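Next come two complexes built around subunit A: one with subunit B, the other with subunit C.
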Partner chain A sequence: MKSLLGMTAVAVVLSAVAFMLGSYQTDIYRKLLLWTTLALSYNFLFGIAGQVAFSHFTFYGIGAYAILILLFQVGLPLPLAILAGIALCVVLALVVAIPATRLEGFYLALATLAFAQLFIVVLNEGGTVTGAGGGLANYRLPDVFGVRVTGPWYTVVIVVLLLSTFATLWRLDRSWFGRACRAVRDNPEAAQAMGVNVARTKIIAYTITSAMAGVAGMVYAFVDNTVNPPIFGLQNSFLLLFMVIVGGSGRHAGAIIGAALLYLMPFLLSPLIGHHHALVFGVVMVAVVLFQPKGLIGVWDALVARRKLVP
Partner chain B sequence: MNDFLELVVGATATGCIYGLVALSYLLITRPTGVINFAVGEWSTLAAFGGFLLLSRLEWPYPLGMLLVVTMLLLIGWLTERFTVRPLVERGAPPLAPILALLGMLVVFREFASLVFGADPQPVPPAFGFGRLELGPVAGSYQSFFIIAVAAAVFAAAWMFFERTLAGKSFEAVAIDRRAAALMGINLRRVTSLAFAASAGVAALAGLLVAPNVSAHYLMGLPLAIQGFTALVIGGVGRVEGALLGGLILAFAEQFTVRYAPVPPGLAMGVPLVLLIVFLLVRPTGLLLPREART
Partner chain C sequence: MSRKPLLVVRGLTKRFGGLLAVGDLDLDVFAGEILGVIGPNGAGKSTTFNMIAGALPPTAGSLEFDGKSLRGLPTHAMAPRGIMRTFQHNKPFASMSVRENIMVGMHTGFTGSLWRVLGATHGAARAERDAVSRADALVEFVGLGDRGHADVETLSFGQGRLLEIARGLAAQPRLMLFDEPAAGLTPAECERLSHIIRDIARQGIAVLLIEHDMRFLMALADRVVVLNFGHKIAQGTPQEMQADPAVVSAYLGDLAAVAHA
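On to the complex of A and B.
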């Protein structure tokens, strides 16, 4: 009950912000919320389930393209298109995950890296279905029950997406499944001995988080009202990984901090160093891995622990 | 027929480049278990070094090549010293150095774009843009130069691993780190050497491929993926595997572009599909490592 109240309060505050912003700020705010959503689900996959996958951003793209193709080329109504899009993400995630979980350690990263690159190749060669290099544009969100959801109200949709993703991951993390994921990450043999089905746990974690990324992608499709291959390139998969590591992998708060920091950093840095903020990302990433493996949330934990020691 | 033979020469040269990148991975992966995606960026830095020394300052080719490779040996050594060794000594999880090197990949790439700009820059081939014909076999000078350099590097690497004591110590570390350390092998030195040699080989690959693709700050990642695919095809266990994998990949790629009835864009998917297939069907690669002799 208490957590439900808290969630509602956060939802009201985050939504209220949407009504106070100009169009440029709205764009930044929406993307910040979307990046945070993605970072949260990737944190579950990478930080909690321990799978180094580069396919998360690809599923974001698959979701975005799927909803557009299903709506405007197949001609499904919106609710059906959403369900079919989710089903597509789940099927593709299973196709990747079932064989890939047999791979050890970093090989999963390579298989998913190849999958991510293959997605870009397919987008570029998809002809009129994917719009090839130019992508898809000139569309808008269909009316929902005769209502056009635009402006700040669409931002509210993103807020709902973020909070429902967060709530789902929070519940998953606290359930037997979350503990199984952590056990598999830390010591698969021991987890197996305790009766956890390692392969099944990995597959389910990969599929759930990938489907979440797909749903976020569906929401994204109507943010810029255009999708094209470069958006879903490897750069952003790396950025997502950096966000989770810089914030503190395995922690929801870490993912939120990392996403906010790395998404907003270019806006703060570009007056100073122009387009070279990626260099700063790299340096920050290396520094965090070297000096603060628990990420920024680890710094916070240390501060809190020290406050508690001093009465 | 001539057309076919020319394609074979071209594919062999490309395969040698992939093989060199694969060898660059292998030199690090074999003794340390670390997969270093920054090898592609090392090639990028070498290509820009080639641009600076050979195109801008017009140094003689051998001298420029020597300095570039030396620089990269140093960069490889420094990378290991400051980003990998602290993690290993702290006993960090095995993923940590891989992530730190991914961060270094971005650092190297953005450094290159900061210093040299976003435009592609020309790098001259070793013997100019000529065509060499040996009977029915024909190709550009650069293709034959690439094949010759790669052959020399692989011969040297094979000799090192099979015939020298230092090479045997690498192999011992690869088979069992702890046992090797107990036998008095200096793990630190092996790791430093591995990174330096890897960067040196990556430098050669970058310098050799640069006349075809131009030095560009985004050239590293495709090279890294192709090199990695070559490594997976050939197997991480043996030096010859890297070359074999590179050749198989280049032939599959170029023959698909030339003869298969698919648009050239889709042919770019060939290495990716090969990578996925090999990872799933034969993750150990074609050549298995030698068993430890008992």
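On to the complex of A and C.
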């Protein structure tokens, strides 16, 4: 009950912000919310379930393309297109996960990298279905129950996406499933002895988080109202990984901090130092990995612990 | 004994290529008893243990638990059948608290589907609360007292061993397998461990432990099986074993070999 009230309060505040922003800030705000959503679900996959997968941003792209193709080429109504899009993400996630989760660390990373590259190839070679190199454009969100959802109201949709993603992951993490995921990451042999089916746990974690990325992608498709292959390239997959690592992998708060920091950093630094912001990005990454592998949330933890020690 | 044994092992054999690690081993373990398996280094204790724990497929032989075969089952199928184990080299879930580690041990007890978790049903919430209070009770039982919220990284080796036991008991097993539980413990910790293992057996749980430390085992076990070069060379009460010439020579041989090395 308390958490429900808290969530509602956050929803109201995040939504209220949407109504105060100009169009330039709205674009930044929406993408900040989307990056945070993605970082949260990727944190579950990478940080909590311990799977070094590079396919998360690819599922974001699959969701985006799928909803557009299903709506405007297959001609499904919006609710059906959403369900079919989720189903597609689940099937593709299973196709990748069932063989790939047998692989450990490095090899899982390679397999998912290959999948991510394959997706780009399919987009470029997809002819009129994917719009090839130019992607898809000139569309808009169909009316929902006769209402056109635009402007700040569409930002509210993204807020709902973010908070429902967060609530779902929070519950999973605090359940027997979340413990099983951490157990598999920490010590698969001991996890098995506790009765945890390691392969199944990995496949479920991969599929759920990938489907979440897919849903976020569906929402994204109507943010820029254009999708094209370069958006879903590897650069953004790695940015997502950096967000989780810088913030503190395995922690929801870490994912949120990491996403906010790395997404906003160029906007804050460019006016001051121009293109050198990339250099700052690199230095921050190296510093975090070297000095605080637990990320910024680890720094915060250390500060809190020190305060407790001082009487 | 007219009671039926809980675990029946017959003709258990493991070959690694041409090497016979365990040959034609028969074992019975009854509910509420402590069976010790002992033997010098390389006698096949660990191989036997891993086969019973489902971590290593036997080359031949049968493993029956409560009348049902265990052969061919994956490792994770042991816990739901009531067979839990500890590891000789503690294998905690390092990122979790002591309490959470124990709650992973309850994994098979959580029957609710993921939908119930996502729906945040009352049933799921209650199961979670029950698990927490049972975990805290187990923390008390093994004597980790106020360490329930501690990071496992802060535990001493001996405390880590106690956590292994609590985590195993969390599944409410019918058979507990201990892999050299006394290894690396101080004499005081060994003493505590003996009490805990006796307590466990008194609850009606069958206990099988393999052990290198003869003194620890002889004071604890109801019955002892002695292995040497993969074969059972004797079995009986600890008193009988200490007087058995085959056992004495196997151990003396071992000591002599160590002395020569």
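The working rule: the second predicted complex is superposed on the first by the 306 of 311 C-alpha atoms of A that agree within 3 Å, B and C clash if a C-alpha of one lies under 4 Å from a C-alpha of the other, contacts with A are read in each partner's own complex, and residues count from 1 in each chain.
The rule is short, and it goes like this: a contact is a pair of C-beta atoms (placed from the backbone, for glycine too) under 8 Å apart; a residue touches a chain by one contact, two chains touch by 3 or more.
This structure is a prediction, so every number in the text was calculated from the model and none was measured.
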item: Joint occupancy of subunit A by subunit B and subunit C, clash or fit; value: fit
item: Partner chain in contact with A:G250 - subunit B first, subunit C second, else both or neither; value: second
item: First (subunit B), second (subunit C), both or neither touched by A:Q192; value: second
item: Which partner reaches more residues of subunit A (counting touched residues only), subunit B or subunit C; value: B
item: Which of subunit B and subunit C A:V156 touches, first, second, both or neither; value: neither
item: For subunit A as apex, the angle formed with subunit B and subunit C - C-alpha centres, to the nearest 10 degrees; value: 80
item: Subunit B versus subunit C as contact partner of A:W176, first or second or both or neither; value: second
item: Touched partner set for A:I204, first subunit B, second subunit C, both or neither; value: second
item: Touched partner set for A:L110, first subunit B, second subunit C, both or neither; value: first
item: Subunit B versus subunit C as contact partner of A:T168, first or second or both or neither; value: second
item: After superposition on chain A, the shortest CA separation from subunit B to subunit C (Å); value: 12
item: Residue numbers on subunit A that touch subunit B, as the complex places them; value: 52, 99-100, 102-107, 110-111, 113-115, 117-118, 121-122, 124-125, 234, 238, 241-242, 245, 276, 278-279, 281-283, 285-286, 289-290, 293
item: Interfacial residue positions of subunit A with respect to subunit C in the complex; value: 168, 171-172, 174-177, 179-180, 182-183, 185-187, 189-198, 204, 250
item: Subunit A-facing residues of subunit C, complex; value: 53, 55, 74-80, 84-85, 87, 91-96, 100, 103-108, 110, 112, 114, 117-118, 120, 124, 128, 131, 167, 171
item: Complex contact set, residues of subunit B against subunit A; value: 35, 83, 86-87, 92, 94-96, 98-100, 102-107, 109-111, 113-114, 221, 225, 228-229, 232, 263, 265-266, 268-269, 272-273, 275-276, 279-280, 283
